[in-house]
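See below for the structure under consideration.
So that you can tell them apart, the chains are marked A, B, C and D in the order they are listed, and the count of residues begins at 1 in each.
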Amino acid sequence: MPPELQTEIEDTRSQPRPTGCPVGSGLEAHLHKAVPVLDHGFVKVVDYMGDDASIVQAARVSYGEGTKKTRDDEGLIRYLMRHAHTTPFEMCDIRFHVKAPIFVARQWMRHRTASVNEVSGRYSVLKTDCYIPDPEHLGTQSKTNKQGRGDDILNEEDADRVITRIKDAGRNCDETYGQMLHPDVDLSRELARIVLPLNTYTEWYWKIDLHNLFHFLQLRLDEHAQYEIRVYAEAIALVIKGWVPLAWKAFEDYRLNAVSLSAQGVDCVRRMLRGEQVTHATSGMSAREWRAFEEAFGR
Amino acid sequence: MPPELQTEIEDTRSQPRPTGCPVGSGLEAHLHKAVPVLDHGFVKVVDYMGDDASIVQAARVSYGEGTKKTRDDEGLIRYLMRHAHTTPFEMCDIRFHVKAPIFVARQWMRHRTASVNEVSGRYSVLKTDCYIPDPEHLGTQSKTNKQGRGDDILNEEDADRVITRIKDAGRNCDETYGQMLHPDVDLSRELARIVLPLNTYTEWYWKIDLHNLFHFLQLRLDEHAQYEIRVYAEAIALVIKGWVPLAWKAFEDYRLNAVSLSAQGVDCVRRMLRGEQVTHATSGMSAREWRAFEEAFGR
Amino acid sequence: MPPELQTEIEDTRSQPRPTGCPVGSGLEAHLHKAVPVLDHGFVKVVDYMGDDASIVQAARVSYGEGTKKTRDDEGLIRYLMRHAHTTPFEMCDIRFHVKAPIFVARQWMRHRTASVNEVSGRYSVLKTDCYIPDPEHLGTQSKTNKQGRGDDILNEEDADRVITRIKDAGRNCDETYGQMLHPDVDLSRELARIVLPLNTYTEWYWKIDLHNLFHFLQLRLDEHAQYEIRVYAEAIALVIKGWVPLAWKAFEDYRLNAVSLSAQGVDCVRRMLRGEQVTHATSGMSAREWRAFEEAFGR
Amino acid sequence: MPPELQTEIEDTRSQPRPTGCPVGSGLEAHLHKAVPVLDHGFVKVVDYMGDDASIVQAARVSYGEGTKKTRDDEGLIRYLMRHAHTTPFEMCDIRFHVKAPIFVARQWMRHRTASVNEVSGRYSVLKTDCYIPDPEHLGTQSKTNKQGRGDDILNEEDADRVITRIKDAGRNCDETYGQMLHPDVDLSRELARIVLPLNTYTEWYWKIDLHNLFHFLQLRLDEHAQYEIRVYAEAIALVIKGWVPLAWKAFEDYRLNAVSLSAQGVDCVRRMLRGEQVTHATSGMSAREWRAFEEAFGR
């Protein structure tokens, strides 16, 4: 970050200014403080709008006087979450400054309902920090789940060798990048950057509303999400919990820790509750579904 | 608005709270103050995020250190607007409470990149304020422009009659609505409302980012926009001007008061500047385009 | 619809043309055929793109060779739906011509991820067909569910009176509209229309992708959706079933007939399956949630 | 592409099937034919919906009978484009299969109003084709335009050296990738890929409507767009021209080759047409704006 921006931001923090807008006191303490993620990354809240009360206020405009006094704020927020009345959650916005490896950024930016300003490698000479995984995260390809790493990790020797290779590859690309940008050569930045590897860090501002952020978190906190984006989602989750505690609790109960039962699953639960012994053969489910069902409800 | 919400909001206004977020001082004075529009409508800012400095900050993250010191904030904002680098403008958000007739709401909600919570006639008994146009706005159907009213207005006698009819129609629908909701009948609200006319007022919260708001304003401030939505756009424009003065000025110069010359138009201007006498016949334009071109540049 | 458009469309239907694009044979039979809905409305497919095979093809590009031969098309589509891998469903699009009352259109157009071209009352003199409910749909306001009609319907006498009132209100508005448009008065169309009631029919083209259409259907097929939009959703559902039968079946099993168990609900089911007697008091649920839970799984 | 998909597609092409949907005959010839771009990339149309007549049809529903007979299709399409009545253009959709380097994909996917299914490096072992620029495209960093390459290209010796370096960097990363995926190590694919450089090719399906595609083309056909994405835009432009010739021509005249005059620019043109000698000092423009103005209209 350019030094003068840094200075401006420190000025802002040291001189809070009065506003008539909702102020989420749980979030003020987090403002402009980088939460470290991975070896060189971070997430940092730089601005926000709204709080739990804004969600309630927006919902009440829809319900008019109809719900007056009948429910407290928490009950109303839980009702909204349970019934997928999602628009009131769109009234809250939050803006982050994020630093993450490019392969994480690529997954992140597939979420289209958000605003992004990213460092441009066409204008600027990029910093070439590279993400190097810790040995305990060097998982092998999963046997059961085709899209991720399994529970096994590389043995110490292989891990050492892999880490060395990743470091060497990064250093080599970085040198090439530097040589091509050298004033004697002066290759354009937009071309020189094409040799940088996907674990190079990049930075961006990211603004998103709370409804779409919950969607992002549901996908990226999932155990099947890639570890390297999941840790960003976890860092964000902590911030959100402090900002909108009622909405967060509702999200946990009705989305994050909820289980969706298919038509077949509902039928199986009903039969099991009537005392019937249900097996995969009589469940109407595929092998994979039955496995997930057993994990959720089995002995 | 339910009285308890009103009270909460007055509390908020009377006790500004400190924040580390950007505070747009030009907007704080407008917060929670209804700007009257038409006979019973209003727009009112209830929350916002960001200011001119947020746009600059977002753009600078893209440009990295490349633009440090080379441009002041105003120059950078004007550059962004001129070159349609629109994402930094998405970093600012604003939330309004709007009261407007349903036929205005129908045009308004065609803008899809915004968040809306509207009073629901399924939950609530609706207030049945109706919009009654002033005599000076009772324009006749335009002869030249198929989509609007022309410059002629009804004569006094016709105007009186039309206003009486609109009032009668509204009163009649309102009575029917009331009778169907009467406890002895107790028709469901979602059905009773179907007799209400399109000039009945409705209310909603509306949250939109600055880039999309400029798009809304460009379309709805246009002289071809229907008068009844244009006056809302004008009320909003005044608020925006106070909030982000640099962005507003750039919007005026490069969008609102800009003229887009077609390929044919560029060619005509070039020829005219070389001293050539260009006529409709030699312009390559349709009759309607030529008329617009002459209005913009003609003697 | 202007007569010449009608003619063009009949030409199209009578002379099918060859294409190298996917052709969903189940849908070709529905093309350009209006399915009647309510008293004057309809939905009609006018164009479409993709089919079940397009969803599979898009998913396979993501999975590369990894899933080759391991799953048939149906299994893959069910996997995508179960795990909310929604992007392949976006590869199918469908365009409808819809005629529905304005109060239905207002709910419909709250779905933002779709394209709409609606009849403009600024350009055209509107047809003034009005929706008149059948007596058996004249429900009273629900006592338990604040947003809709209950199971009770009006008695015959009240129903007659209500229908007469709705008809009178419509006729009266229609007359007023006609008088104001009369050449002697010539009020602009954009103003004259403001007296039309919300049960006036309007028409629009509506284009949406299959993922977003499923979301629309899930909300609008729900028993809490207003009857008058639910019947449109039902008419559309039949069309979709014929178009993408595999995706439709997956949607039914994993979305439409699925039940989402909250964290508390999952806990209750587990305890009940272990033989514990769970009551509302020990469930950790609100009264309303417990009622829904009992309905789904109770004796 | 998995061989069985290839086979299915060839089957489709060889056996066109009849449809009642609009068939854009100019596009049928392009279906499933890859247009080569850069050294290993391509774009290929795999599906589409609508044509010029669909745009007209959608617009006519809005205008009702009001425009019957008054305008031909071309005039109407030009009117829509000129006045930014963009929704009818959303009624046409097109789906491409694209193969391009990751740094191009990163710019491409910043366009949010589109649907994407990309090869996943978590499921699949990626092909590691790398983009190697031709010597004549090895531009140096622009002196005047901070975001791109200038008109100067590297001398032959430097060019050779740079190309060798880019090739070496790619080969080195590719080897590292292969070693980490070797069965003896078996690092998960999602981790192994992080060493791949940004010039590695990736593939995706991309579906977009015509309005948003025009926006993409306007930005990416611009002379300031990076060369490597511009050539993709050019390949797409040729396809679109054949598909919707009337819409394309209107897009060229009113968007692509149009010039937007700022408020200051309009004023200058007016003064110049009155014979006034306008200079930068009297223009009210910044230095950069004045330069662009002079380029467009100057001697």
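Quick note on the criterion: contacts are C-beta pairs under 8 Å (C-beta built on N, C-alpha and C of every residue); 3 or more make two chains touch, one makes a residue touch a chain.
Not measured: the values here are computed from a predicted model.
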item: Any chain that touches chain B and chain A; value: C, D
item: From the options A-B, B-D or B-C, the pair that copies A-C, where over half of the contact pairs coincide; value: B-D
item: C-alpha-based rotation, chain B on chain D, 0 to 180 degrees, nearest 5; value: 180
item: Separation of mean Cα positions, chain D and chain B [Å, integer]; value: 32
item: Whole-Å gap between the CA centroids of chain A and chain D; value: 29
item: For chain C paired with chain D, centre-to-centre distance based on mean C-alpha positions, whole Å; value: 34
item: Contacts with 2+ other chains: residues of chain D; value: 63, 66-67, 116, 120, 123, 146
item: Chain A - residues contacting chain B, complex; value: 1-2, 4-5, 8, 12-13, 16-23, 28, 31-32, 46-50, 53-54, 57-68, 87-88, 90-91, 93, 95, 97, 115-120, 123-126, 203-205, 207, 209
item: Interfacial residue positions of chain C with respect to chain B in the complex; value: 101-103, 106, 109-110, 112-113, 116, 120, 122-123, 131, 133, 137-142, 146-150, 154, 158, 161-162, 165-166, 168-170, 172-173, 176, 179-180, 184-191, 193-199, 226
item: Contact footprint of chain C on chain A as seen in their complex; value: 63, 66-67, 75, 78-79, 82, 84, 146, 219, 252-254, 257-266, 269-270, 272-273, 286, 288-289, 296-297
